[in-house]
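Below: the structure, in structure tokens.
By letter and in written order, the chains are A, B, C and D; residue numbering begins at 1 in each of them.
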Amino acid sequence: MIQVYTSSVIGSSAENIWARIRDFNALPQWHPGIADSRIENGQPSDRVGCIRHFHTGDGGMIRERLLALSDYDYSVTYEILESPMGVDNYVATLKLTPVTDGARCFAEWSAEFDCATLKLTPVTDGVRCFAEWSAEFDCAPGREAELTRAIGQGVFQAGFDALKRTFG
Amino acid sequence: MIQVYTSSVIGSSAENIWARIRDFNALPQWHPGIADSRIENGQPSDRVGCIRHFHTGDGGMIRERLLALSDYDYSVTYEILESPMGVDNYVATLKLTPVTDGARCFAEWSAEFDCATLKLTPVTDGVRCFAEWSAEFDCAPGREAELTRAIGQGVFQAGFDALKRTFG
Amino acid sequence: MIQVYTSSVIGSSAENIWARIRDFNALPQWHPGIADSRIENGQPSDRVGCIRHFHTGDGGMIRERLLALSDYDYSVTYEILESPMGVDNYVATLKLTPVTDGARCFAEWSAEFDCATLKLTPVTDGVRCFAEWSAEFDCAPGREAELTRAIGQGVFQAGFDALKRTFG
Amino acid sequence: MIQVYTSSVIGSSAENIWARIRDFNALPQWHPGIADSRIENGQPSDRVGCIRHFHTGDGGMIRERLLALSDYDYSVTYEILESPMGVDNYVATLKLTPVTDGARCFAEWSAEFDCATLKLTPVTDGVRCFAEWSAEFDCAPGREAELTRAIGQGVFQAGFDALKRTFG
């Protein structure tokens, strides 16, 4: 399991930032890497269990399910159902906490996931030959570093940077 | 602010118990103190922000808003909007945690609230007479003990006991 | 119960700030309101359960017990045993969290306590006279606001401001 | 990173169980797998940062550092410095939570760690020859399952079972 943690300080109140990011369907309105988004089956975007279906700027399709939403502590948790990223058991949480001495908030975005590798394993016994699929949930060291950077910087920090451009 | 904490162990898996209590509109199906319930405006009961409108067995009407719902850690948080209980700023959380050595789960139900006292203050100057409301957020010591018992035992423990009769 | 929460952003890494505030006996080295400090019975200041005995700048004596110390998540929790502040059941936590995009950390200082009022209640029946003590754990509204300001601003924010003057 | 989580219900109050397990040097008094223990350099066993040095029943030597200790929420966190288990970055937490409807407590023991593999990599340039160590932090799938079982069942559950034999 790989863990990624990114945190920042954004120059507006937690209430203001939450009003922007609470909508599970609003990624294209504030994250520069997302081209479009819809909620499957016309569900409300704050219904726990709903699925957002969106595309990244380079055309990749991602489906994510809303696992938890909290107006009480400004947090949202979701899992990836489908993506081209080669990850498994991916669960992420985005959370805001007020900074009480200034109109700022502390923002944290973290994820846990496995690195999926599909491997073809031919098995031969005697005159017959079978092909079987097995799955490994380990990463080559380079692959782990690449995923950590792609998610921590390319997704999470890029989102924070966009919010900071808007909110200061 | 008064804090109430009630915890128990229920004889079925967290998944099973969660399937019963996740529905914010299902109190009458499992809590013995609740007579009926509906979600206002026909909203889905797992939409964060929805309001349940229900009656207790003795006819009291209560409205509560869903503040947070998590399928990830089996928890629900809500606030009271209206009730005959004489509480203010009431926020409660019900949460399940798996017990890994046996088909049981650990259940916690906690609340924080102030004790509201509505006081009629007649004000007279000259020939006119005004009535004003003021509010105190302190409890008489007996009132605090009564609320703690009514909520901790009458609501939370009564709910756990009902689940334990069903699930063992 | 009264809850006070103060948070800030300090311009150095969590490791650096933790090195300064981890020592339960070091308040006079970094908090402007504290004149001196010692650990009772010559105990090490990172031994959970030890008691610090210190004076504020205006001569008030305070004794606090170390309830929890974590080098893992940079947090310290303590309770007040004696103070001139008129509080009861006072437990406070100071905690640092790294900000990953810049050499800064997010600092939180929070407390929960009751407002203690000692009241002499003379009781007379017939020719005899008894004096009894009772205690109330409610505050007059003005007293609650005063305690919240004195602790949240006078103690917690003053400490953060001093760290910010040193660390940027 | 591998995550192991074990939880149970023990038939005595959290205060009682904590009195037994709080002492970082007391493993041999309650855990059946531990033969002896001492704290290095004669430190008190509740001083955060102290190191316990102990042997398992089969003679393995383990050194662990106390990272956090909390009398407030009955929890202890520690890391492995040396062991024969082939793990890296191992951090574990043992925590008790009261069950309010009966003299029982809910006990959780969890760990996160990497699976260490030491690999000899000979490097030759020209006429000279060096041997270098490198480390991989991936597990073969069987190794991960074995570690999860050994720690989750052999260490954590075995400890809970021993407490349950003593406390019911």
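Following the convention adopted for this analysis, contacts are C-beta pairs under 8 Å (C-beta built on N, C-alpha and C of every residue); 3 or more make two chains touch, one makes a residue touch a chain.
Treat the numbers as computed from the prediction; the structure is a model and nothing was measured.
Counting C-beta pairs in contact, the pair that comes out ahead of the other among A-D and A-B is A-B. Put simply, the chain farthest from chain D by mean CA position is B. Measuring from the averaged C-alpha position of chain A to that of chain C gives a distance of 38 Å. Computed from the mean C-alpha positions, the centre of chain A lies at a distance of 33 Å from the centre of chain B.
Residues of chain D that touch chain A in their complex: 1-3, 136-139, 141.
Only residues 43-44, 46-49, 67-73, 75, 77, 91 of chain D touch chain C when the two sit together in their complex.
On chain B, the positions that touch chain D within their shared complex are 5-9, 97-102, 104, 106, 108, 152, 157, 160.
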